[in-house]
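Consider the two complexes below, in which chain A is the common component and chain B and chain C are the respective partners.
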Partner chain A sequence: MKATRRDLFKFAAGGAAGLALTPMPWRLVTDTALWSENWPGIPRPARGEIRTRFTHCALCPAGCPVKARCVGDQPVSLRGLAGRPLCAFGLTGHHLPYHANRVSRGDPEGAAQAVRAALSRRGANESVAVLDLRPGRTASWTYRRAMGALPGGLYLAAQSGLPAIDLRAAKTILSFGVPVLDGWGTPANVLAARAQFRLIEAEAVESHTAMLADEWLPLREGSQDALASGIRHILTAGAAGIPSGEAAERSGLPEATIVAVAQELARGDAVVLAREETDAVTELNRMLGGRAIVRRREAPAPFHWTRTAAPVTRFDAVPDQSIRALLIDESVSDGYFPWDAVERKLAPEATVVVFASSRAGYGAHAGFVLPAAVYPEIADDIPAAIDSTAATFRLAVPLVEAPATVVNPTRFVAELAGVDAGDALRERANAIEQSGRGTVLSYTDSRSTPLRDIKADAFWKILHEGGCWEDEARDQSPGEPRASAPAVVAMTWEMRMARGPLSPLVTKLYQESNLRVRT
Partner chain B sequence: MKAKQYGMTIDIDRCTGCGACMVACAVENNVPPVPEGANDRKGITWIRVFPINNGAEWPGRQSAFVPVLCQQCGEHTPCVSVCPQQAVQVDPATGIVGQMPERCLGCRYCMAACPYHARYFNWWDPSWPAGMEKALNPDVAPRMRGVVEKCNFCHGRWHAAKQRAAARGQQEIDPADYVPACVEACPTGAIEFGDLNDSQSTVARTAGEDHSFRLLEKLGTDPKIHYRSKRDWVRRVAAAPGKEEAHG
Partner chain C sequence: MTHRGALLFWAGMLAALGAGWAGFPRLIYRRQPQPVAFSHKIHAENAGMKCEDCHEVRTDGTFAGIPRLEKCASCHSAAMGTTAAEKQFIDRYVTPQREVQWAVYARQPENVYFSHAAHVKLAHLECSSCHRDHGQADTLRLYEEDRISGYSRDIWRDMKMDDCVACHRQRGIENSCLDCHK
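Right, the complex of A and B next:
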């Protein structure tokens, strides 16, 4: 056979057509696009020696123990310990320092001058106040000492002095919108006690907790007090509260359902939880008198702190338009006051300074926003969670270095008041060590040791290696049900997502899937 | 050495829908966040938790959460069958369906073929906020734009477990050394993982229990993810999800 020029053309054309039907040209298109791109492209993860460090998650009062996997000194993943898993926020805590919208600059000198100027023109009935959104910390003691040293100084706290909830002693929980099964308290404790209590979730929307509760009561928005009052009416045989028929009408629930809930609560060991605690809820709890509400001792603090500290002032007890300068520590927050409630307390042209890592919260209303360190950049202690019946002392140990521009809120406030904050965490640890109470759990070797067998330096070293001190168990005396400041709103998942900062990977939960809704 | 068939059991009645598995998976496997404006169709979630309900109104309403990930099909694996690049293969030693991004040309036939919608396409270059690249897992390479990816039972952890076993002079890996990130992160212990071929393993035992089922079992793809639920309506939804019964 003789090959002609025509055959050559036919072969070339056939080959080209055949090639187009193979994956090769498509692969080439992709590769050419990748090879020709002039931006960094795919990041290369850093390699190095793998180390393990222990700390506690400071994102909420649960303070879950954290095992950090680090490349050199850089944490690359966080995980919980056996029986104490981390939530989605905790798993991504090491991303927070890199948040794109992080506040990076502030004017600390200007803020300090403004507060001093406000102090100098303070009227006789005006005050300077610190609003602490996570009370019970060592930093809180520093704030109280500073406010005790300043004339007209007030220490305002969200949810301070509330009794603890012992879930093991509860048989029935009536929850008004509290995310009991979705991040409330210490999730590990809740899960451990879950089989022992029956959960009735009264909430207008079908939240995660409502979906998982034993019973969901879809009451009308804003009818929490009516339902609580209706239940009280049934329990007191009509001596107090509103008739169940009226409660049914206002809440939109059948009267028979309200009666059944009241009967269930009357069986004993019941507790009522509410996201916004009101007198109706407090009264109901007082009447139920369940064993689940207990008083908790606070972790010991140095005597000279307690002597000079300002008392905790309830937010609603502050007269309107009386705060001349307000300093808000929003670097960590477990609850918040709506801004209109805060604004009402401010004197005209008051100075507001906010310590925050993002502008999503009070920063939008403040005259000065000073950048604060985020977890895990700063050493801080974590107060006991609401479901912890014993006092605890555990540290969030810094895993990464904070930027040079961040301002330490406690140091800032202490300097304003001329109080020596010194090494407050170490002083507190020494005070606890001197008490000789409780046990110390070390995560590095999983050992539990009575505190009296440990010397002060060793105790401090264990705390810095992620150890935890827990007060000794004692007979729990019943706590007095007490409402928190009426305006305070406990943080839920959705609020945390709205007020941030969050790891960008949390988008997996609400943007890249329909698991969560971002409000 | 006997071949393994790694698989999972997921107890739907214990899943609280917290999403820790989704986030732990993204951290472990360097799955990037999507840009602003992207939706759930273009997001990458190797494991995705779907809220479902029984379609009834209160007081008869019941809800549950179903985590769905690559089902690691053992028979007639649809994505393997359709891939023109042989970028998807079932590892005979582990039973894990592996995806090789270097071979993938991004035609997305596998995504169309997957009955579980458990495969995801990289629409964008992987990018993290400035500085966050330092926090990436050094054991897993990020994938480039234009390729498909999916759950591989944390293959990086399997390699690490193999290395640890080799360092101990062993051929078999210690089951405690190889636990995928979602299993480790699950706060309720709803997800269990192990060798389905090992009759002593928890996962093999629970996979055969009553109330155990697999998604779209009638397709005959032999998925290695076994679900459990004592609720009939959950099993009905799993057999053939309909719009009136499942949302998410």
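Right, the complex of A and C next:
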């Protein structure tokens, strides 16, 4: 009997049918998928004994406390504390040092030479400036000192001197495009106060906050001032602002809606939040005089810093084409300016140096991009959040060591200016300790202790173990004018997702968390 | 010809079934004995020990997992008994203070975190709920490692994600991705 090719095919067909009825093909598919997860080069959580460390999340000014599970020196998972959950970004923060798009190399010597050369050819009306995207830090003081020491030095901030918003004291919030429920404040504070305030979100697009607000006013783009003036007209019985009819025409909202909003604001404890500071919004807030806007003291700083620091300059106050050298600290960022606005301020052939962990931001336009540490490698303090009524001082304690190639932006700028940066965080902590104000919360034992009962070294140790100092509440006498004009240039979570770098897990988590909130 | 063709088809099928069900599992798993002949039964019955005496949950909530040599040596600083296994253990590991390279049957993939504290201390689950009668066994069976994925065969038995999800559903416990995945 001769075996033909047809016989072979029949045998093979039987074999294929038989194999489909065994675990082999399915198991091979699964195993191959698992094998692909373990290719060389893929970062893996370390194995071993798990220990707990505390720090603060430096991804946004909320600075949420973080409980990190670490194996050796490597964090393998992050989570918040009881009642103080982390957002999707915070939960995946420990992935960031391994991001594929991370800037790993730069030319710090070349950048320093370029800035020095720019300084030497600086014109009479030209300046060298630092743009700080997270003002209020200890690093910000170093920048200000450095710019104070340089001729023509300017310290520019994305936002500065903002009053705090006490959400617990607000019954009605009229928000002009501020992402109140989407990355604006501290998640735990917003969640805790959410049931107590009514949120009216006025913006042209149906953002996440607009979807979750109690009322969404889909006003026309650019008609924020018209609506604010219309409301003011109603509240002052026609003494100021524009008639509600005109406001309705310009904003595209029904006049009855504007009247209803004005009546609601008039009931008291109302606050108006705006993405951009305008006179109309400032006036409206001044008229409402709500308790929710609080002027907050800044955490104490060493006296010699305050004496030599350059003032904070508003970015839009800088003349066009006047910046000869611009250094942008993008290592942590809470706000940003569109590049065309930045470019307008630059002198022809200006030198731009960006400190960043990714090229996704200003790095695409800069002459030099110097690699900066990324959370949780970063050693930095986090300024008080917008919804924190008292000053705070808490550290983002490094959980992993930064690569040797990263550049410390503050040291770079300080060396350029010949300023001794020293151990600025420790100096700041000492200044706070000497003030004797406020209390210190230690997460390791959940104890709150008055600062005056703690010695300087112990205070520093608590801060390094993830502790937090909070200033005492400041009594505002009835006659003292409250802060006004809460201009907010906050980055929403959506904006963060667009600018990166972010863990690949974030998209899924973010969408999942949204679904949970909506249902 | 049709009869011959059917015969060949069935022969091929039978060969494949045999290879897939009998041959493949032998081929895919690498088998290795544990480095020490350890008896859970002797420790549980003769020494009256409980699981958590060695596999403890620390005060900070972390799980010690497989005990380190230090833990074993706290009782076995010198030979306890005259068996060859005991002598070998003392000579090879305790005296030179060399950690035992245990092959962990229940080791989960790299991207999974399982909290023993939450399950044992808070939910009061018995160890045997997931580890079956491992704590009563007199000998340690061969460790079987998947040659392709590198994972233990045991995690495909009662420790798959489906098993976790089914148990959580049964108890009405909400879970999200990051509860278990790093």
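Simple rule for what comes next: the second predicted complex is superposed on the first by the 447 of 519 C-alpha atoms of A that agree within 3 Å, B and C clash if a C-alpha of one lies under 4 Å from a C-alpha of the other, contacts with A are read in each partner's own complex, and residues count from 1 in each chain.
Here, a contact is a pair of C-beta atoms (placed from the backbone, for glycine too) under 8 Å apart; a residue touches a chain by one contact, two chains touch by 3 or more.
It should be emphasised that the depicted structure is a prediction, and the values quoted were computed from it without experimental measurement.
Contact with both chain B and chain C is seen for A:Arg27 once the two complexes are overlaid on the shared chain.
Of the two partner chains, chain C is the only one that A:Arg51 touches; chain B does not reach it.
In the superposed model, A:Phe11 makes contact with chain C only, not with chain B.
When chain A is checked against chain B and against chain C, the one touching more of its residues turns out to be B.
In the superposition on chain A, A:Phe303 contacts neither chain B nor chain C.
Shared-chain residue A:Leu19: touches chain C; no touch with chain B. Of the two partner chains placed by superposition, A:Trp339 touches none, neither chain B nor chain C. Once chain A of one complex is fitted onto chain A of the other, the partner contacts of A:Trp35 are limited to chain C, with no touch recorded for chain B. When the shared chain is aligned, chain B and chain C each come close enough to touch A:Ser77. Taken together, the two complexes place residues 23, 27, 30, 34, 37, 44-45, 50, 76-77, 79, 91, 505, 508-509, 512 of chain A in contact with chain B and also with chain C. Taken in their complex, chain A has these residues touching chain B: 23, 26-27, 30, 33-34, 37, 39, 41-48, 50, 71, 74-80, 85-88, 91-92, 94-95, 97-100, 181-183, 187-188, 191, 206, 208, 211-212, 216, 218, 257, 503-509, 511-516.
On the side of chain C, the complex with chain A involves touching residues 4-5, 8-17, 19-21, 24-25, 28, 60-65, 109-111, 113, 146, 148-151, 176-178, 182.
Residues of chain B that touch chain A in their complex: 16-20, 22-24, 26-28, 30-31, 33-34, 38-40, 42-45, 48-51, 58-59, 61, 63-65, 84-85, 105-107, 125-138, 140-146, 184-188, 247-248.
Across the complex, chain A meets chain C through its residues 6-7, 10-19, 21-24, 27-28, 30-32, 34-35, 37-38, 44-45, 49-52, 69, 76-77, 79, 91, 505, 508-509, 512.
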